[in-house]
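Order as written gives the chain letters A, B, C, D and E; numbering starts at 1 within each chain.
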Amino acid sequence: MAKYFDMLLEDVRLREGLTACMNCGVCTAVCPAAAFYNYDPRQIVCMVQTRDDATIEALLKSETIWYCGECMSCRPRCPRGNTPAYVIQALRTLSQKLGFFVESEKGRQQLALKRAIGDNILRTGYCLTPRNIRPELHPEQGTVWKWIIDNDEQIYGQFTSVYGKEGAGALRKCSDETMEEIHKIFEVTGGKEFFDAIEQHSDRKAREMGFDGANEEYFMEVYTRNSNEHY
Amino acid sequence: MINFGFSISKPRTIDIDRNNLHKSNEIMHEMPELQTCIGCGTCTATCTAGNLTEFNFRKVHTLVRRGEYQGAYVEMNKCMLCGKCRLLCPRGINTRGVVMLIKRKLGDF
Amino acid sequence: MTFFAKFCIPFIIGTVFLFAVVLIKYLTWLRDLPKSDLKLIIRGIPTPRTLAAVWEVVCESLLHRRIFRVNPMLGYMHMSLAFGWFLLIAVGWIETVAYLGLRWVPLQGHVFFKYFVPLNGITEHKPLFDFAMDALLLFVLSGVGLAWFKRMRSRALGMKRTTKHILFDRIALSALWCIFPVRLLAESITAAIYGGGSFLTGGIGSGLASIMSVNTLTLLYEPIWWLYSIALGTFFVAMPFSRYMHIFTEIPLIFLRHYRLKPEDKEKSYDNFEVEACSRCGICIDPCQLQLQLGINDVQSVYFLRDRRYNMLQQKIANNCLMCGRCEQTCPVGINLNTLRLNSRTSMRNIPNEGRYNYLRGLDRSQGEGQVGYFAGCMTLLTPNTMTSMQRIFEAAHEKVWWADKEGGVCCGRPLRLTGETDSAQKMVDYNKALFAKHNITTLVTSCPICLRVLRDEYNLEGIEVLHHSEYILRLMRQGRLRVRYSSELSFTYHDPCELGRGSGIYDEPRAVIEAIGQLLEPEHNRKNAFCCGSSVANTAINDAQQLTIAQHVAAELDSTGAETVVTACPQCKKAIVRGSKRQVMDLSEIVAQNLR
Amino acid sequence: MKRSSWTDYQKDIADDNYYYARSCIRQNFFPGSEKVFLDILSKDLGRNIFDDPLHTSCTGIGYHSDVVPLETIMTVVARQFALMSEAGYENFTSSCITSFGIYTELLNTWEEFPETEERTRENLYKATGREFKIPKNLSHTSDVIFHHREEIARKAVRKLVNVHTGEPLRVVEHIGCHYAKIFPKKGVGGSEFPYVLAGMVESWGGEIVDYPERRHCCGFGFRNYLVQANRGYSVANSHKKLESMAPFKPDFIVCNCPGCTMFLDKWQYTIAEMEGTTYGQNGQGIPVLSYEEMAGLVLGYDPWVLGMQMHQVDVEPLLDKLGVEYDPSAKYLGRNGKYIGRPERAIVNSCSEDTLYKIRR
Amino acid sequence: MKHVIIIGGGIAGMQCACTLAEKGIATTIIEKDSDLGGKIRSWHVLFPTFTPADQVLSAVRHRLAKAESVTIKTGCEAVKITPKCVTLSTGEELTCDAVVIATGFTLFDARLKEEYGYGIYDNVVTSVDLEQMFNKGEVRLTSGLTPRRIAILHCVGSRDEKVCQRHCSKVCCVTGVKQAIELKKMFPAADVFNFYMDIRMFGPGYEEMYREAQLMHNVHFVRGRISEVSPTIDGRLQIKAEDTLTGRPLKMGIDMLVLLIGMRSNDMNPTLEAESGLKCQPSGFMQPKDSFLGNVESPIEGIFYAGAVTAPKNIGESINEGTAAALAAAEWINK
């Protein structure tokens, strides 16, 4: 059995987020995820605190670590100064590094996130841009959003002079030099490697699940699939 | 209708104000000793059914006391009534009686 | 000749009503019997069993032999009333014949014969019959007197408690108590006016005549016969709805029993015979430990049967019973009290299976291999010393053992069965049966009498011999495969577990094992009369403090034998007695394992 | 609401010379808010603020979706700080709450685990050749507005008062979890009773409404919104908040965080279309404003210049209450000043009948 | 005649003075309030026997009144302490042969736990407020109505790093159970919920009282700390906690919230440490010489401790320490 707890300890967020939990439950009390998922951050912290590698491995492969919304509501309340959400972040990072995330439905969604957000960062320098919030994938964005996307030049043009162009202002295009720096940062700090790991593990799992690799079809599967067993 | 691809999740929070505590009160009235549970979990630890399933007696009876009846009947039916928990309960709660009472109240027999 | 007077009307109505109701009841019950039961009856009638039944009716319904055995005074009371009344009727009939020759006389003519004698101008007296009838009346009256006395001072008759009765019982009882004294008065007044009567009615009659004028006596004459008739009529009307229904019901019951009918898992029509055969004598109250040690006196079999009969049974009554079987031992009617209570619980709680316990599918946590299987049972898992002792015994006897549930298995089903959840229990039975079959064992040893009971009675394990560990150990010892040290220094006392003793009839084996190791000192209540430890899984109504109280009583009695070790052969009993005993409490297997040679 | 101890948490906010970092979400959904913030600071308040063409996203959404590693985001953030120093600024102000949270958290991490700062310096230098300094002052743009709230109040053309009744408007404020929940002392008023928006509302004449789910998250939950399968969680949390605030009959919601502004706005549409439930006194939704928009209205900016036509929930009822004079027909005009068509009608977006009428006329 | 100065006129200090006086040693009690008695004056009845606090205090007062050569100085504080001399805030210097410090504790300020809304929302009260309500014989909501549902929250200002109080205040659990029973006796139809993390029933009869609260008074116990309190539209309070035994969040509307505020180390303690060379523990309470063999002695010979100045203690323990400190001081003087 690998030393999962030691691996977690390498993450400063775990060291910061977990001292000694006394299971009072103030975190779960206000947790938005606990309100709607079969989820209890207190128990996760408690499980990690056991330092039992088998328990932690099970966690890394579980659905439960993927419910947290990272709102950090748990942080200000904890009487022991813990931050369950930090523990979750550390678990999620390790789960992706080890490729365990593909073992759970919610974990597999990391591919969708990597492609939607991660790739967009490397493409545009921003997490979100109007064009990647496609109304057909975001019906909840409503009629006004569709109107905006249909008339983007006309509407955004009223608020920024650099829509899609280089310069200072909202929704500008980042210069090539800037993008090069961002790419460099991702390479140097392991961001790219991390992205690649997500792709590789997802591809492996996709094939296991009968897809022809982590293609668009698999992307849509992980993006839309809800077994409804999370509540 | 628009197909959003999701629906509004149902709340899981135990809402004492919204829960109908009628049956819970009846249960507590018939079995006041259940209130003396100190939540030690011995019952769950020794449970024959709990050894084989996720059945957690302490959790189920606590939920029932809070007025959360959904699923409790089905859960209680995992119990084999073997009575080990009764022998171990440090507060001497008649746990088998509790199982039977909850089943009776929630199963309407 | 006339054999009718207006005062007879209450009697006639009562009699007709009584016979109509009783007949309807019996016919309905018989009609509702399952086919298999009907077959048993039809096959049974032309056999000697019918004769045996007749004999038993005489012994029991008239002479009340069983009550005599429990309590002679009570036996006499019941016998004087039942047999005395029967003789009054029989001799009265003969008397009529003696006076009138063989001719048809309406029923009331027989019953009120003394009234109709002067009415029909018969002046002749037959002192022999007068004497016989007076003697019989006195016999019955002595019973009535005892009954009165018992009501007031039950302890004097050796009963600590008598039954609390319902309204119909009280009406019938009051009527019954009036019948014979009023008859005495009626016949005495008749004797006072018309002469006749023997030492009793004649004596009282002449006494009355000496203190009252003929006019006064004549004035009393009709009313007193009216009163007698009314008393009889009232009694007969109330009777089928009261406990006195047992007077009749016991008779068909005895026949049916001889035809091998018996109550089963689920309620059935036959149960009516048993339920209504209960005379509510209350003999079951005294041995009940709930009464004896906890002062609970509204749940005993008599009340259970009463409530069940009138459809007012509540779960809290049905569930409040240790099912120790002590009352069943004493019931004079021999009603299957435990079975009836169980099938009541079943009616109240059994729910047809809704796919429950599906989680058992494909489960197998057993270990080891061998012809002999060991089923510890849930409770034994809480007495790990028993487990390790059994392991040592198996090793000492070089037995290869398959352990069914060393790491926790599936319950035997008996506890569910005892709470009435029969279909659920069946799931456990089916599971364990399949498990045993899968592992090809030929002998199954268990150290839990609760399991033993259900393994033997309900599993129908073909090709597998089911043994309690006391039987198994004794067998090993007798085969010479297990040798123990004997020391007269060691003294033991033994607590009979209910399910092992009264439940399975195993009394001698554990004793033989103990006596091979040391000295056995018997407690006051042992074998059939042994106490229950109080922790019986059958009772889900009493609380922990009450269980403890019973355990302390039982333990005190065991401790008082002076033995240094209390031995029992049931994990549940061990756990219970430990709480009350000051001695060391051990399972039979433990003392064996400790004294292996 | 009786507040007692917020003053304990008074944080330092720079008065002038800000380095401005844009927000992914705000510039997408509320570009007018970012524009008006810069305008208010430079034009109305005469402060110096620098909008750097070189900066990028902080990658916080990626970080909180757990696809961007900690070390990466640290370096990206370090680059922003480097750009600030290079531009000659030391007061960093971020338009985004997620970013603000990231900046405070990383500054704290560097302080507690100095080796991580060292590593970041190395990484940044290796990747870009840049070096960074820790900002002297870090604020969220709402802190800046809060800091200048009294000055804005003095220049205000209107108060947050219902012109028909004279009553103060009832305002629900939503802070955004990452503003003060991560580091309560880095937010004005702390995490339990944050004062940043309440201070503005009080200064500008409105009344703050406290309600049971005031502190609850809007439900963004990063991966929980970004992946369609999880959106039930996201909408359910907003639903919970809206249900909880509705009985208090707020006139509008003001938000700190661009994401929250967007979600509380858009989810009202979704909930209305999904189950027909609407909130707000006219049954057409509760208008949701960013604090920049609120400040803009107070200072007399035109609602369409503020970009309020980009809201899904109509703001016209609120504008009417405030007595704002606006041209309804200008709502759906493009950059070129021509009518570009209106969005498809929805339950929470239907009170512009007269707009169309006027345009046709 | 030998002379001992006792700093603090709470129950421990009073008891100490009585014992010393009875041993023929003169004492001076320095009390910062205008009257002796300390915090017990605000208590209603004492757990687990429900003995009126007043009865205990009167008994000690009575003994003290009978004692000879006891000087009481109220309205002043000691600013510097040495075994032979105590400097008062008035500037006065008192000489003596030994000093007993019985300055007790400071109550935790519930306002620091903002999420519970003390001082912000109506009907959020502390356990001390509740004791005073009991003393007045009336527990009412601000609306004047009687409460129908009351939550009692354990560990407010105890076991909480967020307010720098890591220690357990020890007596709050018992107080919470006691107050729950009192409330149930007052309002039998009301629901009382105790929110706890651990129930620490350390003394004789405490566990029995806990059981009685559950069984006889139907007090509900929920294992979980309340996370936040907020107002509802109908003027009640909504609380959120996790029912940790079921692993699910729980919320409910309540009429009244009682915060069982903890015992903080006395605010004076850092001054003692700075001025008099005594030592504080990490919890802020004074460090006795030895936790087992010298728990009424300070590291400085001639300075003794009694009562809650060294750790949270209940009334009985404080009284015992008053006696113990008196005996230790007397022995030291006569050495």
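Rule of thumb we're sticking to: a residue touches a chain if its C-beta (ideal position, glycine included) is under 8 Å from a C-beta of that chain, and two chains touch if they have at least 3 such contacts.
Everything numeric here is computed off the predicted structure, so don't read it as measured data.
Chemist: Ignoring chain D, which chains remain connected to each other?
Modeler: Leave chain D aside; others remain one piece.
Chemist: Determine the set of chains touching chain C that also touch chain D.
Modeler: B
Chemist: Averaging each chain's C-alpha atoms to get its centre, pick out the one most distant from chain B.
Modeler: Greatest centre separation from chain B goes to chain D.
Chemist: Measuring between mean CA coordinates, which chain is farthest from chain C?
Modeler: Relative to chain C, the chain with the farthest C-alpha centre is D.
Chemist: By Cα centroids, which chain is closest to the centre of the whole protein?
Modeler: Minimum centroid-to-centroid distance belongs to B.
Chemist: Can you give the whole-Å distance between the Cα centres of chain A and chain B?
Modeler: Distance between chain centres: 36 Å.
Chemist: Measure off the straight-line distance from the CA centroid of chain B to the CA centroid of chain E, and report it in whole Å.
Modeler: 38
Chemist: Please work out the Cα centroid separation of chain B and chain D, and write it as a whole number of Å.
Modeler: Whole-Å distance between the two chain centres: 45.
Chemist: Taking each residue of chain D in turn, which ones touch at least two of the other chains?
Modeler: Within chain D, the residues that touch at least two other chains are 192, 215, 228-233, 235-236, 240, 270.
Chemist: Name the residues of chain E that each touch 2 or more other chains.
Modeler: Chain E, residues with two or more chain partners: 115, 223, 228, 240, 243, 247-250.
Chemist: For chain B, what residues touch not just one other chain but two or more?
Modeler: 2, 4-6, 9-13, 33
Chemist: According to the definition already given, which pairs of chains are in contact?
Modeler: Pairs satisfying the touch definition: A-B, A-D, A-E, B-C, B-D, B-E, D-E.
Chemist: For chain E, which residues are in contact with chain A within the complex?
Modeler: Those in contact with chain A are residues 115, 155, 159-162, 197-198, 223-228, 240-244, 247-250.
Chemist: What does chain C use to touch chain B in their complex?
Modeler: So the residues of chain C touching chain B come out as 315, 319, 348-349, 351, 354, 356-357, 359-360, 363, 378-379, 381-382, 408-411, 413, 415-416, 419, 421, 424, 428, 535, 537, 540-545, 548, 572, 575.
Chemist: Give every residue of chain B touching chain E within the complex, in rising order.
Modeler: 12-17, 28, 32-33, 35-36, 38-39, 58-59, 62-63, 65-66, 68, 91
Chemist: Please name which positions on chain D make contact with chain B in the complex.
Modeler: Going by the criterion above, the answer is residues 228-233, 235-236, 239-240, 270-271, 273-275.
Chemist: Chain D touches which residues of chain E in the complex?
Modeler: Touch residues, chain E against chain D: 111-112, 114-115, 119-121, 228, 230-233, 238.
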